[in-house]
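One chain, chain A, links the two complexes that follow: it is found with chain B in the first and with chain C in the second.
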Partner chain A sequence: MTTRILATLVFLAVLAAAPAFVPPFEVRVLSLFCFWGALSLAWNILGGFAGYWSFGHTVFVGVGAFVPGVIVAKLFDGGGAELMPLLVLVGGLVSAAFAGIIAWPLLRLRGIYFAIAMLGVAQVTGELSAAIEWIGGGVGLSLPDAVPAALAPEAFFHYIFVGLLALTIGAAAWVRGARFGQGLLAIREDEDTARMLAVPTEGYKIAALVLSAFLTGLLGATYGFSLGYITTDSVFRTDFSLNMIVHALLGGIGTIAGPLLGAAVMVVLTQVVLGEMLNLHLFATGALVVAMVLLAPQGFLGLWRRKPRAQREPGP
Partner chain B sequence: MIPLLQTLLDGLVLGGVYAFAAVGFSLIFGVLGVVNLTHGVFVVLGAYAALLLHEVVGLDPILGLPLVMAALFALGYLYQRTLIAAAVERASLVASLLVTFGVALMARNLLQIVASPDVRSIATAYSFAGLSLGPLRIDLVRAAGLLTSLVLLFGLALLLNRTAFGRAIRATAQQPVGAALSGVNVRHVHGLTFGLGGAFAGASGAVIGMMLPFTPSSEAAWTLNAFVVVTLGGVGSPQGALLGGLLLGVIATLTAQYVGPAFQNAAMFLVLVLMLLLRPQGLLGHAFAASR
Partner chain C sequence: MTEPVLEIRGLTKRFRGLVALDHVDFTVPEGTICGLIGPNGAGKSTMFNLVTGFLPPSEGEIRFRGTPVTGWSPQQAGRSGVARAFQIARPFPGLTVRQNVRIGALFGRSGPRDVEAATDTALALLGIEDLADRPAEGLTVGHLRRLEVARALAARPVLLLADEPCAGLNPAETDAMIAALRRIRDGGVTIWLVEHDMRAVMGLCDRILVISAGRAIAEGTPGEVAANPAVIAAYLGSEEQEAHGA
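Moving on to the complex of A and B:
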């Protein structure tokens, strides 16, 4: 256990030191990895541990990014750059509160129905953010430039994304080890039995969704600041929801290293190998998903471990 | 009063086509338990096939339906017997959700490359003609589309309820093992059902192509639509799809007319979520094992 913690810390330290050694483009690729890895790991807290697959997690990225955008536009008239940490935190908190509100009806649904209902929530929230003029997602919102003069923008956001990745890894590891996490695994394996054995299933599921939404909201808010200008189309994105699932699926759902490994593979594949062929990204992602399901349903980690597991797959 | 009646009429016409577009999804979900996320791809493929027939041979989309249906039937059958069956056997029904999702992404990408991402529509000779029913008005294309949808839905209901093949399909849906013991070739029936679902999706695509514009990325909207229709009406039967489709059509047009076009999807999904909470098996549905 201690070796694992040590290895994770070394890994994060190396990531954090990157801007000092590698050129800006590679720093951006590494930041992207941190962003995707953390998003997928946050999705995994509900989708991997509890087996509730959300197909609309981008809604929390969107809410997380829009909350600072609206606050800046209404209260600070485009200013407020020095308040960025606070605004990001508020983005995460509002995202978590939103999750808490939708959790009560949605988490009564199981399997495919939960997945599709989340897809619907993401779709509708996105459309409303564009349709309601007061929010202004159709026209777009600017976020102030918070980069200190001493740092290059890509380095500044890289440090934040590494920090958020560390936070997400810490949260996921804590959940995995805690009684709470064991309860989520029990829900994944058999919710009715878990309930019968006095696991507070309702409370655990809501807590998992809220925690996952909080982390996703922080990432979304930071992403919004890194873009500098957000519209509905740039943060409420179906491909965000999809990528969170695909990364976890590739690496190994329900593990902690899995989503990170999946994110690393996909970032290398899309940014480096297929960097020039933007029009083939969808095809490559689709082909990879099909191949993984048919050839390695437990992800790369599953191939490596070859641990016999129950025949029944977690998820919807 | 007249505007309200006109809106209701438009909603019912649109709803008939929604029902037609969803019935294949409903059949596959009800019989195989597979949520076919490539459903919208079949719809869009049908639309492109009809467009191709119309532009190259000059065949009217409705007259070309048998060709489109035959082609997509074959495609659906092969797709089920190879990819879907493999995914279900090796992993699980959940895996089939992911496989169909992956295939949908690939198909959309390929269509964008082959057919270009441009918005297309099929313009027939009678595209701009209309019929008058007293003070109400209905486009000829929409009337023809609705009629085709209803006839084919009725045909499917007859096939399912009155023929030996239909009985085999219903038996497989209820109890695959029992059906196999009674001499039904379950794998073959699964393939044929998937083919039938694909054929109906394609036929609806040809009709939709005359009424509404489409692009390769429309597939996602048609898959979601089918899901909403099936949730409203109930899984596995043409009657359920018809009821769900009509409801959805009326909700969509009423919202667009009286609340605003931007809120159409919001209203649809609100109804969907309410429905999932109150009556997950749909208005006419049985509590199928696959639907829980």
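Moving on to the complex of A and C:
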């Protein structure tokens, strides 16, 4: 256990040190890995542990990014750069609150119905963000440049993404070890039996969604700042929702290392190997997913770790 | 006189047209093993579904340790000390045997410090400690049944509802299960048992309730019940018919 914590800390420290040693492009690739890995791990708290697959998790990226955008536009007239940490936190909190509101009706749905309902929520929220003029999604929103003079932009955002990845790993590891996490596993395996064993299934499902949305919202807000200018199309992205699931599936769903491994493979594949051939991304993603589903349904981790894990459909 | 663990009064369950339970009364005294028997479709599992809060009764009252609990939720039942081993064993397939039992302990009535102890005790009592690290998926029926009972037991229940724990077991496994149930009772857990295996029922139970087509047709000690003509006609008779038909 302690060796695992130590290994994780070393891994994060090496990641964080990258800007001192590698050129800007590689730093951006590593930041992208942190962003995708953390997103997938946040998704995994609900999807992997509790077995409730969300097909629309990008809604929390979008809400997380739009909230600071709107606040900055309405209250600070485009300024407020020094408030970035607070604005990111508010983005996460509003995402979490939004999740809390939709959780009650949505988490009564099981399996594929929940997944589709989340897709619908993401679609509708995205449309609304573009349609409501007051929010400004149609035209877009500017986020202030918060990068300190002493730092290169890619280094600044890299440090934040590494920090958020550390936070997400910490949160997921805590959940996994806690009574809460064991309850989520019970829900994933058989929700009726979980109820009989006195697992507070309703409360746990809501808590898992809210925690997942909070982390996703923080990531979305930071992503918004790193773009500097956001529109509906740049943050309410269906491919984000899809990637979170694909990374978890590739690496090993329901584990902690799995989603990170999946994200790493996809980042290397799409940014490094196929970097020049943009139109091949989707093809490569699709081919890899099909191959994995056929050859290693438990993900890369399942290939060398014969840990028991049922091959399950999304949800019960 | 100690207070009964469970009292059932006028309990009725209707599924649209079908009356699955019809004004049934029964009392499970503390520290006993009681039986619930009857032909297929008599309403035995329905009784357990009502007592554990999986289904709301249409009429009647359920009291647990003197408190009215009619219409409570499965979680409330579990927290109060009612555990259940399902008729179709339902272990968590993707988890190991130990993880299964440990979840029972985590959400049961032992304190957080006792979780590992309650898990080990339950595994040992059912004789599955050697399988602790095996995935639940792929266990034999005999082991699944024992796991099902161990997980229920790990919650340190007051009342254990065991729905056909011997179904599908060979004679040796049945003997082991009978011995385990007896030890669980000796440990202070009251048991209400649904079982088709007459050897198990007659050997274990202090009192037996016989239902047929939703109605209580007899109640008493194993000897009394076995000698009751209505029981022989309704239950043992149908068993014999089945045996001859097969």
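Definition applied: the second predicted complex is superposed on the first by the 306 of 316 C-alpha atoms of A that agree within 3 Å, B and C clash if a C-alpha of one lies under 4 Å from a C-alpha of the other, contacts with A are read in each partner's own complex, and residues count from 1 in each chain.
The rule is simple: a contact is a pair of C-beta atoms (placed from the backbone, for glycine too) under 8 Å apart; a residue touches a chain by one contact, two chains touch by 3 or more.
Source: prediction; values computed, not measured.
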item	value
Combined model on chain A where chain B meets chain C, clash or fit	fit
First, second, both or neither for A:E127, with chain B first and chain C second	first
Superposition-derived angle with apex at the Cα centre of chain A and sides reaching chain B and chain C, degrees in steps of 10	80
Superposition-derived comparison: chain B or chain C, residues of chain A touched	B
Chain B versus chain C as contact partner of A:R108, first or second or both or neither	first
First, second, both or neither for A:G79, with chain B first and chain C second	neither
Which of chain B and chain C A:L185 touches, first, second, both or neither	second
Touched partner set for A:L294, first chain B, second chain C, both or neither	first
Partner chain(s) touched by A:T201 [first = chain B, second = chain C, both, neither]	second
Minimal inter-chain CA distance - chain C and chain B, angstrom	14
Chain B and chain C footprints on chain A, overlapping residues	312
Parts of chain B lying in touch with chain A, wherever the complex brings them together	35, 83, 86-87, 90-92, 94-95, 97-99, 101-110, 112-113, 220, 224, 227, 231, 260, 262-263, 265-266, 269-270, 272-273, 276-277, 280, 292
Complex interface listing, chain A residues touching chain B	105-106, 108-113, 115-117, 119-121, 123-124, 127-128, 130-131, 238, 242, 249, 279-283, 285-290, 293-294, 297, 312-313, 315-316
Contact set on chain A toward chain C in their complex	179, 182-183, 185-186, 188-190, 192-201, 308-310, 312
Chain C - residues contacting chain A, complex	52, 54, 73-75, 77-79, 83-84, 86, 90, 92-96, 99, 102-104, 106-108, 112, 134-137, 151, 155
